[in-house]
Every structure is written in structure tokens, then in C-alpha cells.
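Note sheet for the following structure.
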């Protein structure tokens, strides 16, 4: 929530509208300034176009687009409200796909979520980014290749390529998490004392949030697979299966990390108990040996006038013998109890 | 339970019956005094009307309404008994929807539940509130707009709008919970000592009760989506999907808070163990160093007549050396064990 | 198990066979002595009858009934064996429903389970009680009402009314449990020392047993709803939905209590740890302050002939200053560690 | 695994082949020596036969049988390999059912598992036992009864009777477990110190293994119920439902025991914590009272030449007053903290 | 990940391409050097062939094969990327099966995962190994047998045999895990102090990873069973059921080990608590007895000039009586509290 508002506070750049018009023999790139420019592309049924909008701040623009393509008002709401769950929604002449992108520069604590909305019809693909990101750069390159499948296969394949690019980013996130867990694993296994429990707690929270962002992808893809919408072609199903497998793989990986973290927390508690046991044993051994001895020494420090032992010549050496015998007996007792 | 009875004790106001008669070109508001006034509206098939009843105390009134609209006796029972689970029930010429509203002024501990029953037929929508609440104010405004969809689309859409208004309230509750959890999170992470465990326990109970109130919404909406009742139009399905997504989002959010609370409780226990370990180490270090020294001092406090060391000139300084050596040895031992 | 045998040991009263013959215009009550009296009722297709058998001890009687109505031997076994799970079983011309009644006089520990078997055909309803109980009293009254639905609707509706009466009893049990949990909740939250853990453990066991008795009701009702048996009428489905909702409500309530008990047990453990921490801190603070002081006092209690400090005039007051300084330093140290 | 090999080491008795040939009017018993004797029975379509083979050691014999009845090689493998999961497999003219028998002489730790394979066709039932057991004795008696259903109903009913006999044994096992859990329950509730945790751990393992042996029965019976194989008659479905109910009942019973054991383990841990708290309090109270007193006594045991208090006449009684005051203050402090 | 790269670093051997051409009356073995040699085999529809490729390093080779057999690019990706989940994918004229092989020389910590990809069409089976392994040796032998089913049944049966060989390896792994868990079980039950918690933690992680590799096999086989692809013959379904049972058996075994490990960890914690309790009791008993005695001795070590007891003749023996009485009283107190 705070993230979103923060973004809103930042400089509200005019969104960039990149349009790529393409066919099997055709490829063109335009920077759209006015939405009127879009109309001729919409009417040309022999070519497809991809329009990438780099920001969702300009509600006016989005409303205009929605009128042009007769987009459902709830879809507009979904596009502009960045707290949506990933989902797929079918309409008569287009399909709406909403997914979450995850990215991070360096560490687990800086993981950012960004909502990507994709809308595809017979001859167009629209993608809305929350902020201008370079995630689709690679796709632009592939599109320029006249022999590439993106030029030939339908707009559902094009959408698959976009979603696949987003899912590929998840693997980086997963590796980041995996490395972090591995680090704590090492620290705890080596019984290091500088383990920061708070950070672990924080990372577990992050893990849960990431899972919540990826989990609905399963249902999304599942619906996609079962869809009988004319825009979704049977022959492209293999590609959808592919991103399904990737999503499951990532979720299983996250689950594995989660279980490892739980298991680490448990191990840490056990280590604490073992350490405490050791501390207690030390205290008990020392106390149990010396407290009785001190008592005996205390007895002969009393100032009674009549204390026969005090006068006996061998009292002192005999007492030392008693001290040593008691100590030896105690040590043997503790040894048998395996407290050493 | 106690809540309900409490309400019953309170002043039993005469329920307010607001009737809104509307069509694409028509909008009228009435305050119904006598149910006889309702009949003409029931017979006009070209107009729809919405009747909002602000209280369910007046059983007589509800019985009369049920006769007018031939409502099933079990539905009457559901409307008047406020401990029902959310549900949808289909009848020949109307559909009954029962949902739970949650609202709170300030804090998690003041969250109130209120049951809202909605009954819609071809040309009417009836809504029953437990107590007069202003939750539908915004809807009244939207209804006055002659171009609004509420005037055009069917009574199932109208019901969607009512349910949507109720679900929107859940988000406020969720934010309240989220803030509270965040507060405890901070307190525990900063190792503050004033964490009130009892309040946390109480909040976990509240969380479970809220979840129990929202959870059945999933099944309700799922049945709605699959319904083949003529009153439920295919084309309005997108709206139902929308509240389904919202419900899932809220349930996932609650689950996240629940997990965070569990994880916090675990962290708190671990912190307690760490603190206890530290306390124990302090005790052990001090005891282990000074108990043997005290014993030695005790020996030379004994009053035996024959104790050669007592007479030796350098006994006292030598003993100090021994004291210091023992202490240094102990400190080194503890340092190696990382007890410092 | 032991319960059953206990009952068998008790006085084996002759079972009471109450027969209620009824039609829309007809109501008669008989006490059947000889099963031969039953035959005319069986043959009258224009009237229905309800036969309530108040005991299942008389196997002879049950065998005779089973012959009269050609009941499956496994059903006879189910009726007489009181350790069955709730279930519904369909046969060609009758349906067998087995449910569990729960009742308790005062406390959770006295909850009793009783098996109620119901068998209904086109024009008869048979109910078998384990012991004579007054649970169906209210139904007898309703049956006498000539306008009541029980006289008009089919034998499946009659069975619904019987099952509904049994399920209504569950709510009482649930309230009993809820009160008990509330009591422990208060005791533990107020940190009272007289919390009886054994009773809590015992109640958790009871809760599990109750849940096991109610849980199969879900499947039973689910089968009932999906049944296409001619004896089960579509139009009575609303009533079945009603008891389904009640069952789910009770199961959710039990689950809530179970979770609260778990959460209480956890809270109790945490409270124990907090208390132990406090005890440990007290011990450590006192020991850590006085053990070193005692050592110093011990030193100057030694009897060496050469100890310069002993002769120095200001030794004693200086030592007091040292004592006080050490104590102040320790207190400051513990204060910084927040052990006070 | 080790169990199996152990058996193999033991004396490999020649398997006993009991053949019971029966029809509605016919009953004969043979001890088969040579498999050739089996052929005439196979050909007589008016009679059925049950062949019980008391051992699976003689692979030669089993291969010959499999040839005679054209059994699938994988079935032969299943029969001879005793680590299979319970299952049902349908073939063109016979059905293969594999179940696990559990039996124990006295205690939970001696529970034995034995695999029973049953193969039934139109006019034959084959049963393979791992070792000669008397589990089917009762069935032999029922078979001799010319009016019994086993003589009339099909081979699927016969198989039901065999499986039912095996499941009935489970109830004995369950009672054994229930008694054992009850014993530990008593021991722990009464806070006895001789609770053997290792045995409890061992029993939990046994419980898990038993559950794993019974759990697949659910799927087996579920497949049986849904089967459309001509050998499985609709009218015998009631019997299958019966063993399904029994299996579920046993699994629920095991689950209850498992939960009780978990809850007991938790209770035991809490009791340990309570005891430790009590021990700690005793230590702390004694130490906190006497350590400061000992320090004061130590002070006046010092041998400084200038210690004014030593010469004062009332020092000693005043000190006693101080001792008593400190003790009273401490006791009051601990009382207020509820450490007594 | 690291594992894969490690392998890549190692010597990149030229992959071995073993081709086995076979029919009911025919068997030939070739070592393919050039893929051109493959073409005649592809065209002979009366014979089948199995091509085993011992390495996936040579991407060039795999691309050529894919062209020859028109394999989908995503399949090529799956074959060469060794971090895939087990899966089955159907294409028009071939089916792709990807499974994970697990093997280990000696210990749980050396368990290796290897990806095996199998592609089968009407008359060919292709298998890709990550590294040259001898896992299929036994299959080569069976293939030489002219009466073997592998020569007669379809390529789906051949694939079953390959997958079965891989699953058989799982049993070895499972036994390895079972032995390891058994070892820890013994160590902990015998309360040995050298239990290595870190290794247990590590093994739990390994267990989870193994489970993740085997778990998707269930879905794979489930899809295989439900498949209606012409290459998959109904009559071979029994074999698929067989590997399904094996997979479930292994997963249940792993789950059992996992539960045992959890239970062991819990037992270990309880043992630690018991030990700590014992240590605490020892300390408390010794301290509680001797601290008050030492205090008394300290009193009579004070040097007050006026202490009447000091001069009394019987003070010393009387004090000894007091010492003994206090000790006896304490011992009795502790005995009653069962601290001995």
C-alpha cells in the first residue's frame, strides 16, 4: 500500500506508448503520442500489433484506450488498482491476464512487486506496466526476427511469451531466497552466535508474501488450459503447460525454503536448550562440589570454646583428605551421570 | 450470542422501510408505513423496486412481507436468527442471499458482526439490516444517477452491488488487523518487554472468528457462479468473479496475518529462551569463579591450632596470586565456550 | 465400549412401542404390545405411521420388525450395534438413516452419546432409540396439529424433522463447550495458578470424540442431497440444506474451540517461561551481587598471621565503601540489561 | 523387510491347499495334493470352489496355479512379494484383491502384518495366506450351512466375507492400541515418574505403520464400489458399504489415538516445565534468603583489628533481629509473587 | 544448480549412441556414429528401435535428432535443462516422459539426482541420460530374449520397463534413508550424547528434496493412465498401475521416515528437558541443604565479643545435632516432592 502511494508521490512521468506492428513479412515500431494514431492499426486485420504502456498513472489515457477497445470497466479497475491477485478473465473478443512481476536488485529485503496487465484480442496485444521496466527488452529483439514464432503464432502465444518472461524473473528471486536460507543454514549449523533472528522472521514474512503473489498463477494457468475461448488455440497448449511447470517448480522451491526455515528455527531452539543444559551442568558441578566443602570449612571457622577437633594435631591434614575424597566422589558421580 | 441479546435489550425502534422504485427512466423514493403500500409496486412489472428494512426486531412485519412475497419459512428463520453462516439459496421466483457485514470504529477488539439478508426476484430487491447502518448510503446516490448500470441491469446486478459494498468494508477490517499485527511485530522485534501476550491471544481469537464469518462467502459465490437460475444472468458473471477475487484476497490477507502472528509467538518464545540463557550464563560465570575462591578463603578462616600455612610469612600474597590465577583460568575457559 | 456393556448390565426394560398413525385429516396414537397390531397400518396406503421404539435391547422384537418390513440384515446389525458412524443407506423401498444424539446434564465431562436409527418407507417412519429419551416430545406435539407440515409432507420431511431435533441438541453441547473453554481462557489470561491442565487435556479428548460423532453427518447430508431415490423429494431439499448449514456451523464452532484450546495451551507454556525467566533473574541478581561480597568478607576472615590490611585502621570502613560500590555497579549493570 | 527374510529362514513347510467345492445343494472339502486335481472343479460351471493356500513360499506351485487360471505375471509378483500396499485390480475374467491382516497376541509391540491375496472369478475364489493362520476358521463353518448366503450369492460376496473377517481383526488391534494409550494417559495425568517415553515413541511409530497398512483400504473399497466389472454385482453393494464404514471407523479411531498421543506428549512437556519452575523457585527462595544473611555473618567473621560493632554489647542480638527481619521481608516478597 | 555446472566442468565425453533394433524375430545392436545411420531404422515400420544417448552435453547432436523426429523445441529445452520436474507430454506422433533417477553409493548425503528423458513413437524409443550410467544394463539383457514381452508389446510397454527400472532404484534409496533414520532412532532412544543434530537437520533437507523429485511422478502416472493417445494401449494399463503403486509406496515410506524424524526431534527435546530437570534438582537439593547450614556455621564464626553460645560447653555437639536434623528434614521434604 505504502509502496503504491510512494510511487504516486514520485514524478509522474508521461507514459510511453510503444507500438509494434507486425505480420509474417512486416515489422514496424511507433511511439504513439495520440491515441487517434492507434485506430488504423486496429482496423488492419492482416497485421497484429503490440502496444506497451509503461505506466498506469494516466487514468485519462487508460479510459480512452478502454473506449477504443470496449474494455469492461472492472478490467480498467483491475489495471489501475495494483493490489490485485493474478487472474485471467475472458470476454467476447479479448482476454485479460493480470500477473505479478517480482524483482530485486540485491537482497531479499528489497524485493519489489509490480503488476503487469495484458489484454489480447484477435490482432492486438496490450500490456500495462506499473513503472517503466526493461523486462520486455528481450522480447522486442525476438520480435524483430522475421522467422521468429512470435510473428507467426497467434496473440495467445504472444501473451505466453510475455508471461514467460515474467516467470523467468521469479527464478532469480528464488535463487536469492535460496542463497539467503543457505546463509542462515550455515550460520546456525556452525552454531554461530551472531544469527539475527529478527531478519529470519522478516524473511519468512517476505517468503509468505511472495508465495501469495505466485500461488494464484496456478489457477490462472489452469483456467487458461481449460479455456475454450476462440482466441486460445489448442496447438499452443504445450507452451502453457511449460509455464505451468515453471510456476509449480517455483512454488515447490519456495515451499522447500519455507520448510527449511521452519526446520532451522527448530534446530536453533534445540541448540539453545543444549547450550543451556551445558551451562546448567557447569554451575551444578561447581556448586555441588564446593558448597559442601565450604560448609565444612565454615564449621571449623566457628569460634566455640569447646571444639575438640581444633586442638587435635592431625585435624588439618585429615580434613584435606576428606575434601579430596568428597571431590573425587562427586566427580565420579557426575561422570557416571555423563555430566562431563 | 451475548451481543444479540444485548441488542434486544436496547431500544426497539420501529424499523424504517425505505422503498426505491426505479426503471431506466424512473426514480422514486418512499418511506413505507403500511405494507399495503407495497402491493402496487409488486404488480408493476416495468419498474423494479428496492426495499431496505433497517431492523429485524419486528417479527410481525417480516411475517407480513413473507406472505406478500411467499417466502419460505426457513428463509424467515434465517433472516431473524443472526447466527447464520453466509449462504445463497435458490427458490422458484426469488433468490436468497445472506452475508455478514463486519465493521469497527477504532480497534480490533471492537469489531462487530452484522447479518445482512438480501432477497431478490424479477422486479424487486429486499434487504434486511440487523441495525440501521449507513453502509448502503453510497448505493442510494448511485441509484439516483439515471445513466447508472443499477437502473439498467437486472436485480442480480443490484444484489452484486449490495454485496460488493459489504465486502469493501472487509478491506477496512483487514487493514485494522494488519496494523495491529504490525504493531506487535515491531514490539517483539525490538525486544520490548511490554508486549501484552493476552491481547495477542485475544486478537488471534478475533482473527479466527472473522475468518469463520468470511470463509463461507467462497462457497456462496461459487454457487452463484454455477447457478443456472433464470434470475442470474450470464453477462453479469464478470461482477461475481470480481467479488470472488476480493473475498479470496481478504482471506489470503487474513491467513497471512494469522501466520505472522504464529511466527511472532514462536519468535517471542525463542527470545525468551535466549534471554534465559544469558541470565543463566551470568549466574554460572559469577558462581563458578567465586564459589571455589570463597571455599579457599574459608579454609584459611578455620581455627585449627596446627595449620602451617597460617604462620608462613608469604601465605597471604601467594594466596592472592592463586586467586587471580584461578579467576584468569576460569575467564579463559568461559571465553572459549563463548559464554561472554 | 464400556458404556455399552454398562447399559446392558442395567435393568433391561421392555421397550415401549409408540405408534402414531396420521394422515392430513387423521391422527391416532397406539401403544403396540404385539407386532401383529402393526400389520393393518402397514397395509393402509392412505395413512402414514410413525413407530418409535424406545430401546434396542430386545433383539427378538427387532428381528420381527425386520421381517415385517424386509429390512436388510446389515441394517439390523447397525441398529443394534451402538458403535456405528452416522450414515445413510438407500434400499429399494426404504431408506435407513443413522445419527448420533449428544446430550449432557451439566458439564462437558458428562456428555453422553446415543445412537438413533431411523428407517422410512412410503408410508411409515421407524425410529429406534438406545434408551427412552424425551428428545422427540416436541415432535409429538407438532404432529397433533392437523395443519402442521408433518401431516402433509412425505416421510422424508418427517425424517428431516427428527434429525433436526437431534441436531438442535448439538447446539446445547456446543454452548457447554464454549462456556468451558471461556472459563479456562479467563483463568489462563488472568494468570491464575489453579488451572487444571489435566482437565483441559481431558476436555480436548472429549472435543475430538464429539467432532468424530458429528463429522460424518456432513457426508450423510451430502448423500441425501444428491440422492435420486423416489422417497426423497426435490421440494424438501431446502430443509436438508438447512440441517447441512447447522451441521457445518456446529463443526466450525467446535473447530474454533479446538483452536482456542491449542492457543491457550501455547499461551500457558509461554507464561510458564516468562515466570521461570523472572525467577531465574531474581536468583541471578541476588547471587551475582552477594557471592563476590561474601568472598571478600571471607578473605578478611582468614587467620594468616601476616595480613597487613587487618591492622590498618581504616580497613573496615573502606571495605564497606567497596561493598557498596560493587553493589551499585552490579545494580546498574542489571538495570541496563533490563533484568529489573 | 527383516521380518520377511526371517520367515524365509524358518522351516519352509509344504503349503496346505484346502479346496471347498460348493453350490446351493452341494458342499465338499478336499485337500489338494496335485494341481491336476483342480481341473475338474474349474470346468464345473454349476459349482463354485474356494481354494485356500496357506503359504506363498512354494513359487513353483503358485506359477502352476497362475498358468491354470491365466493370472497376470504382475499379480503373481504381488502375491509373492509381501511388501505390497492393499489394492484391487480388475482383469477380464477375474478380480484380484490384496489386503493386509493385522494380528497380535498380547501387546502393541508384537503386532504382526500378514498379506492376504484373494483372486476371484465366476466360479472360484483363491486365497493366499503368508503363513497358515486360523483367521478363516469361522468362514469354513458358515460355508457348511446349506442355507447360508455364502452358498447362494456370487464370488464377490464370498470375497466380501473374507475381507470382512480380516477387517474384524483390526478392531482387536484398535482396542489394544486404545488400551495402551489409555494406560499412558493415566500415568501422565497422575504425574507418575515412571512414564517410559521411549515406549511411547515406539508406539507412535507402530501406529503410523498400522495406519499405512489400513489407509489404502479406503481407495480399494472405493474402486470396488465404483467398479462396473460383471463379477461385481450391484445388489451386493450394501456389503461393500459396510466394510467401507468399518475401515473409516478404524482409521478415525487410529487418528483419535494419534491425536491423544500428541496431546499427551505436549501435556508431559508442560508438566516438566511446571516441575522445573517449582524446583527453580525452591532454589531461588532458599538462595535469596540465605545468601545475603551469610554475607552479613561473613562480615562479622572478619578479623580486622578495628571493627567497632564487634565490641558493642548488643551487636549479636541486634544482628539476629536483622536476620529475622530480612527473612520476613523476603518471605513476604515471595508470597506476593506467588512463589510459595 | 552447482551440481550441474560441476558436471559441465568435468570432461565432456562424446556421447555414446547405442541403437537396439528389434522385432519379434529380430535383434540387432549398433553403435551410431553419424545420425544419418538412423534414417533407415526410422523408415522400417515392421521393426522398432531403442536409441539410448548417454549424455546431453552435445547440444548439436540433440538438435539434429530433434529435426529428424520433429520434436517440439520445448521438449529439447526440457531434455537439456536438468532442473525439470518429472512430467509427461503428449504430441501428435510421440509422447515425451521425463523422470528423475536417484542413486547413491553409500550414504544419504551422497544421493545424486539424474534426469532421464524418454521419447517414444510408434516404432522407436529414445532415452537421454545425463551421464553414462549402467541403470539400463538389465534391460539390454531382457531385450535379447526373443520371447520377452519387450519384443512383442508396444513402445509404451518399453517405456514402462525403463521407468520401472528407475523406480526400482528408489527402493534402494528408501532403504538407505530408513537405515539412517533407524540409526538415529537407536542413538536417541539410548540417550546417547553423540547425536549429531546438524546431520539430522541435513538429512531432513535431503528427504524433502527427494520427495520433491518423486512427488510429481504421481501426477505423471495419473495422466498416463487417463491418456487416450493412440500410442498408449489399454491392455498395458496393468503395468502402469504397478509403477503407480510403487511410487505411492515409496512416497508413503518417505512420509513415514519424515514423521519418525519429527517425532525423534520432539523426543530429543523432551529428553533434554528431563535431563535439565535432573540437573536442576541436583543443584537445588545440594544448595538448599548446605546454604542454610553454611549460614549457621557463619554465625558462629563471627567475632563478636558477646556471644553467649560460644562459651557454652555443649554448643558444638548441639549444633551438629541441629545440622543433622535440618538435613534429615530437607531430605524428607525432597523425597516427598519426588526429587530423588
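Order of writing sets the chain letters: A, B, C, D and E. Residues in each chain are counted from 1.
As a working rule, contacts are C-beta pairs under 8 Å (C-beta built on N, C-alpha and C of every residue); 3 or more make two chains touch, one makes a residue touch a chain.
Chain labels with UniProt names: A, B, C, D, E = Magnesium transport protein CorA.
This one's a predicted model, so the numbers in the text were calculated from it and none came from an experiment.
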| item | value |
| --- | --- |
| Set of chains adjacent to subunit A and to subunit D | E |
| Fraction-based call for subunit D against subunit C, same above half, different below | different |
| Fitted rotation between subunit D and its twin subunit E in degrees, CA, nearest 5 | 70 |
| Centre distance in Å when subunit A and subunit B are each reduced to the mean of their C-alpha atoms | 25 |
| CA centroid of subunit B to CA centroid of subunit E, Å | 41 |
| Touching two or more other chains - residues of subunit D | 269, 273, 276, 280, 283, 287, 291, 294, 298, 301-303, 307 |
| Category of the chain touch graph - line, ring, star, complete, other | ring |
| Of subunit B, residues touching subunit A in the complex | 175, 189, 238-239, 241-242, 245, 248-249, 252, 256, 259-260, 263-264, 266-267, 269-271, 273-274, 276-277, 280-281, 283-284, 287-288, 291-292, 294-295, 298-299, 301-307, 337-339 |
| In the complex, subunit C residues that touch subunit D | 1, 72, 74, 83-85, 87, 89, 91, 193, 197-198, 201-202, 204-205, 208-209, 212, 216, 265, 268-269, 272-273, 275-276, 278-280, 282-283, 286-287, 290-291, 293-294, 297-298, 300-303, 307, 309-311, 313-316, 319 |
